[in-house]
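Structure first, then comments.
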């Protein structure tokens, strides 16, 4: 990371009524099946998955390609509909039809592998727009906030660049600033570094590390085993739509119970 | 019961008299023949011509791209009717040997000149829509420019623009009716003949509409076939 | 309720016309619609003490508009053929118009019968009775249907077809506009001109017949014909 | 034709001047009428087509095939017949609110006709925007409408505008057909003028063509500029 | 790699007249500048670069993003024009205007980061098409060949799938088969594994390792330091358009001369 990192995030993090240690995300018996289409057979992407994440905890999900990591992460903020089970995030029952999803999602920050910055807006405007359009903040307030978080991720100097004028690592940092500016209670990262070149991966991981250190509740899908080992409070290994192994980094990396986990770790490590 | 059916049939017959339409089967057949001939020939020719114009436009060479752009712009800015008259009355003045060519032939030339300009713009967007990596892959295995287009860029580019090509073809099919200006007896002419002979506009207009629609559906069906063939059972999975 | 009642109640006589040419119905130098047929319906409206409302339609729209009750009568050069008379009511003819042929000066033809030769192409107006006349009286020639009279004249003048067929008055206008046209000897046929209305408007038909009898008797019709037809008196007012 | 043009350059300038002076007032009147028709067609067609296109861009179960049928029906039949049905057939259904005068019928049918092409363009452009843009917005708490308005439409506009230009100039062809319902627009004025001066048929069509050009050319130029801008500017994609 | 790997590649490799040890690629004082455009300043991508590759040698190019690695690789088969300097590959003067580039390129295999398989063709047809269109082989011969090389990369079972129906690693293996089927004298790899997920990276690297073992002349741009260390005969470190360091893996990784190289290696390693 090349920007100044000295701004305290506690304001962005301390969600009202969320004391550290309380259950923040509660996933119960979630099943999800992608129906068959003309070109592909149906597939069970999540097969009775249950997981709870405490407030302030960092959970890292690892597993082979196609194991359902992204699907699980995306069900947490209802980007994917599920077939059965319940998901509750800080008191909002995500799986309840009556839940106001846009309002709920504005409390959950999500960072994608391909950044998904709005291509027609500058970095600055990418951070301002959701605050104004969704959180209904005044433009002045949104701008001040955007400046603060862009500085936080070291992107203030390039605030007026369009996404197409930024490198992958820079785009990802703007995406993180955009999510943080909404003052999320929870942050979800889906392979936030796998579209980046190895040298810039470091900066983004540093930023995530810093967030974790400041007490943000985080669920992170990643292939960076170093990061998982170092930052995770808990590591979850998924395979074929199910959670196969779950525990502290120590337990999973040193002392995996299942053969599948050990094989995966030997290939990736 | 029978009474009801008869009433119904006679109600329909008074709005649309099949018997009268039946007396014009020959005329409609002749009209369809000319309409389809003109549309099909102009379609093929304007695709070729449009492709040439599109390649000129994206060639990056000024002496090719500027004339092509100007031609496209001028053709799209002036009415087809004028272009047809210019070809019909003007071409034989320049090339006297063309003086007695069949009218439908000159009509096809005019339609090709006109539709080619529109096709060029569509094809250009299709060519530009093929990801640059596809071209690089083709270059790297040693394909010549011609082979790149022939094997990679055109097949993929065309799939992306099939809906637009279909739309333009629909317009072309209907534009053939303007050839009646230069004595080509087309589908609309057949209907109008019925209308002025027999004073039965419903039979004239609705028959025209139905036949055009059938032709359109056939083209739609063909475009689906082409799409399936080029797109092979689903290489195009949305990203 | 009868059509005449409706006209009187409305206080309007609605007439559909087309712009077929001098001196029957055309736009004059001042931009006003005028001509023999227009003068006639103007007189009708005046004698009925109602306002005259003129609607100008393209030939394709004229019959549908009459049938859809957009106006009450058609005042155009519409010939009451047997087929048309089966669908519409026509008034008595108010006038007979000669159909003649014309060609380019450098062509060897002298009388219209010369055109009845294989390989000779003769132009007329689409959907009009001139085409019928060509097919009937020159079965060996090829009939070519143009969208308008002027287009067929242009085609004759520029050598696209060998000859054209039209009304005496139209041919007179063409010969003054194109300096290389000549009139062929002989009258091919005489076309009665009459007003048309919808089948159910029986009283209007009788009213029109009666009106034509009246103006024939008091020679008003003769005076109109002298002005518009038998002399060129109208030209200094309108041309 | 070429002969005519040589004459034009040579001795007959005076003749052409006389004809132009005689017919131009009528042609200009027709041109105004044509502009009016085109403008109404563009506005209604874009509004209706935009709305339907947005709906069709969403993959809604019932709406998508219905709109597809609408689109194919309109594109598969000639405008002449659509106009005929709207002006001459609909009034016979007996509903008084369907009894339009020729002006209204022309406006309605031009709008519907244009909309069929606009619908296809708009829905195509919306579908061309990467899914990630929707997801990025959803994840931030945007609802569907806000995402469309603030994220998707602004990005698809670069694809929509150039194609719309083509439709707007194609619409001109349709305006010349409304003379069937008794509206005297530019082409009809030209035809009427030709009856007065049958010897100058090509010249008068040429004058009318020049007026059409005065409408179409700027439309295409503006659209071309917009296309260039959307290419060169910020929308460069990786 | 999960496919059978037992087919000998020697037929594909032994280029006529290319004895091992002879100079295969000779790059001399190459300069390349991307001119300024409306949106970007001009940039010198290659600044007087010289490099020779012997027949049978494996040269791995490493370096930070934007240092010119791809540009250098792409100049070798004239995908990029250069401003000055000369490049000779197995006797073909690439930089000579008279050279028949398509014919020359058909003798050089190139594998891209994003595979660039022909999207509208199945795996099988991807391998057949260039043989028929460029090498003018009969369809029967091309098919036999395609089958052989698809088997070699372990993709014979999926030969009838379209690229969109294959995972990244599978697509990359097809791309390698496509290049090999042309019997290239030289193979160029541009970040062949960086678009792949960590588990599938292994398979593709194994395949490249095997090729190297069989004596193929290879120039490889990669971020996989393990691979560079293990497979390279020579490692080239580039920065800012210039070759900063060059030597055996031992020399470069253990004993780099320049500060820049050491810094890069510390971040990436």
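So that you can tell them apart, the chains are marked A, B, C, D and E in the order they are listed, and the count of residues begins at 1 in each.
Assume a residue touches a chain if its C-beta (ideal position, glycine included) is under 8 Å from a C-beta of that chain, and two chains touch if they have at least 3 such contacts.
Since we're looking at a predicted model, the values are computed, not measured.
Visitor: Using only Cα atoms to place each chain's centre, name the chain farthest from chain A.
Guide: Chain C.
Visitor: Farthest chain from chain E, comparing Cα centres?
Guide: Looking at centroid distances, C is the chain farthest away.
Visitor: By the contact definition above, name the pair with the higher C-beta contact count: B-E or B-D.
Guide: B-D
Visitor: Which whole number of Å gives the spacing of the CA centres of chain D and chain E?
Guide: It comes to 52 Å between the two C-alpha centres.
Visitor: Centre to centre, by mean C-alpha position, how many angstrom separate chain B and chain E?
Guide: About 46 Å separates the centre of chain B from that of chain E.
Visitor: Give, as an integer number of Å, the spacing between the C-alpha centres of chain D and chain B.
Guide: The answer is 18 Å.
Visitor: Of all residues in chain A, which are in touch with two or more distinct other chains?
Guide: 39, 165
Visitor: Could you say which residues in chain D touch two or more other chains, in rising order?
Guide: 1, 80, 84, 88-89, 201-202, 236
Visitor: Of all the residues in chain B, which ones touch at least 2 other chains?
Guide: Expected reply: 89, 93, 201, 205, 233-234, 237.
Visitor: Tell me, which parts of chain D touch chain A in their complex?
Guide: 132-133, 135-143, 146, 150-151, 154-155, 234-238
Visitor: Write out the stretch or stretches of chain A touching chain E in their complex.
Guide: Touching chain E: residues 39, 64-66, 165, 167, 194, 197-200, 202, 223, 264, 267-268 of chain A.
Visitor: Going by the contact rule set out above, which residues of chain A touch chain D in the complex?
Guide: Contact set of chain A toward chain D: 77, 79, 102-110, 112, 114-120, 122, 129-130, 133-135, 162, 164-165, 178-179, 182.
Visitor: Spell out the part of chain D that touches chain B in their complex, as residue ranges.
Guide: 1-3, 72-73, 75-81, 84-85, 88-89, 117, 120, 124, 130-131, 162-163, 166, 169-170, 172-173, 176, 187, 201-202, 205-206, 208-209, 212-213, 216-217, 220-221, 224
Visitor: Tell me, which parts of chain B touch chain E in their complex?
Guide: Touching chain E: residues 133-134, 136-144, 147, 150-152, 155-156, 159, 230-237 of chain B.
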